[in-house]
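Note that subunit A is present in both complexes that follow, paired respectively with subunit B and with subunit C.
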Partner chain A sequence: MNALLPLWSFWVRTSRQWPVLQTLAPFVPVVLLWQAVASWGPFPPAFFPAPMDVVRSFGTLMYKGILPEYLGDSVARLAAGVAVGVALGIPLGLLIGLNRRAYDTLWPVVLFFQAIGDIAWLPILIIWFGFGLTTMAFVIVYTVIFPVIFNTVLGVRSVKIELHRAAQSLGAPPWRILTEVVLPGALPNIVTGLRNGLGYGWRALIAAEMIVGTSGIGFMMFDARRAGSVTEIVLGMIVLGILWYIVDAWVLAPIERATGRRWGLTQ
Partner chain B sequence: MATRRLLDATIFVAPLLFLVVVWAIVVPVFQVNPQIFPSVPAVVQAGINSIIDGTLFLHVGASMGRVILGTVLAVLVAVPLGILMGISKGVSDFLTPLLRFFSVLAGIAWIPIATLWFGYGFGAIVFVIFNGVFFIVVYNTLLGVSTIPMSLRNAAASLGAGRWALFTEVLLPGALPNIATGIRTGLGFAWRGLIAAEMIATNVGLGYMLFVARDFYQTEVIVFGMIVIGVLWLLIDRLVLAPFERATIERWGLVR
Partner chain C sequence: MKSLGLKNLSKTYYDLYEGSHHTALHDISLDIPAGEFVSVVGPSGCGKSTILNMVAGFIPHSGGEILVGGEPVKGPGPDRGVVFQSFALFPWKTVLDNVGFGPKMRGVPKAERDEIAREYLAMAGLSHAADRYPNELSGGMQQRVGVVRALANKPDVLLMDEPFASVDAQTRMTLQDELSRIWEERRPTVLFITHDVSEAVFLANRVVVLSKGHVLADVPVPIERPRVWDKLVEDDAFKELSNKILALVRSA
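Showing the complex of A and B:
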């Protein structure tokens, strides 16, 4: 027991210094367990690859340049789709949130089209645009735009009417009310919308790449499925998970923290 | 009250009806190729046909059966597991990164490996739905349990509550709002996963219905199927998930 104590205190000290370790540590037993199950061998390796196989296939695909290229394709598509979705979604959300008539006419339409779901559009999009980039772009923009609209409307409506009136009576023109009262007030919700939109857009991208794709991580996984190569599927899943971690930690979390802190929403 | 609700419903439906009217006018006036976009009567006809020959019920039944089975299984396993993990702070802190990693993968990313493990068909799709719901519900349950103030648990324990009573009367109710949110989010992902999986990996279901119609350029079937998917999801979300979520949140006084 006592022999373990210095080890434990060493762990506490280092993990305090590098919080990343705390995130990574839980994966160590999982990988070990995975290795144990794979080498114990109740499943044939064609169904259940060992961790080393996956690492090796990572090495090969990196060396051949397939993985970086596909990864780049996926990320570029997602980024472009999200940019367009946000650029369209926020103004639409502001319009619906601010204008009573726009709300009455557009809200049911938004609800309905949101319910249809991105992936259900794929068949007809394939007929319209063929297998390719346009189809994928449409699907991603479609997925991203609704959560952004939803949350923008929610945010705009959560801004108290007194604040509008106060700004107005202090002589602010409509434009300044929009940029200095409504938009900042709605920003935390808009960021939530962005997070949800990314979450959905990301899954839509994977599905679209599987079904219509000619490149990208989703395509790589589905192509591996066709060839029956389970290591590449697992590799694809791990890459997707890590990629999301990076997006979450480097892009979303800082934005959320910034808006939340600025507007005093952190607890 | 009744007329008020009727009026609200009419106001709500009016824009959608307006869209249908525009659609009904535009297609014949511009003579849109039916292989590009169908006319209103064609879609209605496709709907009637699929009801008469029973294929609609076959596809909807298959899809709903998969969703219900996958979700029920996932919730049954996820909630007790989430509560057990959430009891101890050390365990829940340790497992959080893992659960987040897997809930990110939830749904569609599992399709290739699911079809490899279970073959094309029922098993693979239920597995995808199970996955979509399971990890998100576990994660949310764990979060819910960890937000229950320690003093409540101590109070119940010092009043003589056993493990089981603590579980059913403190931890489960306390985590219920989060569990409801988890189910709603998870099902949202799982529903999309279902449609995608059905396009890829089966020969019955709504996704399959759309994807096969694409092969024959039957746009009227596709549009009809899209409407069915939209209406079904609205019904699930409004009639089952939203009331459940509201009920749990209202009961525990979280409404502002």
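Showing the complex of A and C:
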């Protein structure tokens, strides 16, 4: 047991120096299990590829430039869709959250359309706009906008009445209350909405690309199914997971830390 | 600093469920000359916080007039600074920016309002906390910031709504000592709402006892200043006056 201690100490020191090791470590047993099933399991390689097959496929697709191009297409679509969804969702959320009449009129409508769901729109969208960008754009914006609206409304309503009153009695006119009190007060919730919106939007995009796409990661995976390449399908799945992890850990989590947690509004 | 006058002030609610009018405050008249400290005490539900909310302009009054320096007021405004029981500091602003908020709304440039804020923070012994966020401070320190934020905006009248009710007993006495000292230095016009009789007496020039929506008594406090708890806690005149007002409140 004592012989293991220096080894453990070495791990603690290096993983502190390279935090990425801490992220990767949990995947070591997953990959080993995968390799074991591929080597000794009953499945033929064309049906259940081994880790190295996927790595090789990654190398090939990178070399051919297909993967970077498709990845770029997917990410650009997501970014544009999220930007539009946020640009529409936050003002709508502010309006519904601040104005009683807007709440009474719009809230039931918002709930209704939220329940329809993104994919459920595809049949009619394909008839209206065909297989293409318009359809995909609609689906992403539609998916992103609801979590952003919901969380913005929640955030606006979570700002205590005393803070409005304090600002008023310190001389703040209504529009300054919006920028100085309502927006920062709602920001932690808005970030949560953005986080959910991005997550849902990403999934909706992949689904849309599979059905109506001509490029992108979702298209690549569905196209691989037609060609019978399980390796590329698995590669697509892994790329999705990694990409999401990067967006979450490098973009969203730091925003959350810098806002709500710093102010004591969230844990 | 200006005077604060309430003339025949009343507040009636319409109860939607019962379908009838309900009088919360009835014919309240009160004059606070410029530079005077008046405490309002009374049992819970007597309408004391309603008075403050109406004077601050947070809720409309049903009848009568509210005059600041003789001018009737409508809605909230920077002429009436408010200190809240819940502190109501902006969690996303540093202590310095909280205190500088009023000047910022008046359009005072950043460097100048920082200077104002630092000056007021120094007055409350808070210079070291200028760059911290409210959630990093204790309740007592947060309310010091609350008081200083209201004062830094140079209001005509200071309205305080049970400002020390949510801090512990020791801190409360320290805060009362400090508020008394600050009042003596700057002589603001103060309307102070509390349910704590000894706090009301300790701080005020006059104590108004409220009962069931009307003024039951208006008692002057002739105790000399400067007042500090170390001296007053065993003072006979203080104890006698406190007991007298406590009896009035309990009879209310």
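Basically, the second predicted complex is superposed on the first by the 258 of 267 C-alpha atoms of A that agree within 3 Å, B and C clash if a C-alpha of one lies under 4 Å from a C-alpha of the other, contacts with A are read in each partner's own complex, and residues count from 1 in each chain.
The definition used in the following text is that a residue touches a chain if its C-beta (ideal position, glycine included) is under 8 Å from a C-beta of that chain, and two chains touch if they have at least 3 such contacts.
Source: prediction; values computed, not measured.
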Side-by-side fit of subunit B and subunit C on subunit A, or clash: fit
First (subunit B), second (subunit C), both or neither touched by A:A172: second
Which superposed partner A:E162 touches (first subunit B, second subunit C, both, neither): second
Subunit B versus subunit C, judged by how many residues of subunit A each one touches: B
Partner chain in contact with A:I127 - subunit B first, subunit C second, else both or neither: first
Subunit B versus subunit C as contact partner of A:F47, first or second or both or neither: first
First (subunit B), second (subunit C), both or neither touched by A:A258: neither
Touched partner set for A:V55, first subunit B, second subunit C, both or neither: neither
First, second, both or neither for A:F222, with subunit B first and subunit C second: first
Partner chain(s) touched by A:A83 [first = subunit B, second = subunit C, both, neither]: neither
Three-chain overlay, vertex subunit A: subunit B-subunit C angle, C-alpha, nearest 10 degrees: 90
Superposition-derived minimum Cα distance between subunit C and subunit B (Å): 11
Overlap of the subunit B and subunit C footprints on subunit A, listed as residue numbers: none
Footprint of subunit A on subunit B - complex, ascending: 11-16, 18-19, 35-36, 93-98, 100-102, 104-105, 107-113, 115-117, 188-189, 191-193, 195-196, 199-200, 206-207, 210-211, 213-214, 217, 219, 222-223, 225-227, 229-231, 233-234, 237
Residue ranges of subunit A in contact with subunit C within the complex: 160, 162-163, 165-173, 176, 180-181, 184-185, 187, 259, 262-265
Touching residues (chain side subunit C, partner subunit A) in the complex: 56-58, 75-78, 80-82, 84, 86, 88-92, 101-102, 105-106, 133-136, 149-150, 153, 159
List of subunit A residues in touch with subunit B within their complex: 22-27, 30, 47, 104-109, 111-113, 115-124, 126-128, 199-200, 203-204, 206-207, 210-211, 218, 221-222, 224-225, 228, 230, 233-234, 236-237, 240-241, 244-245, 248
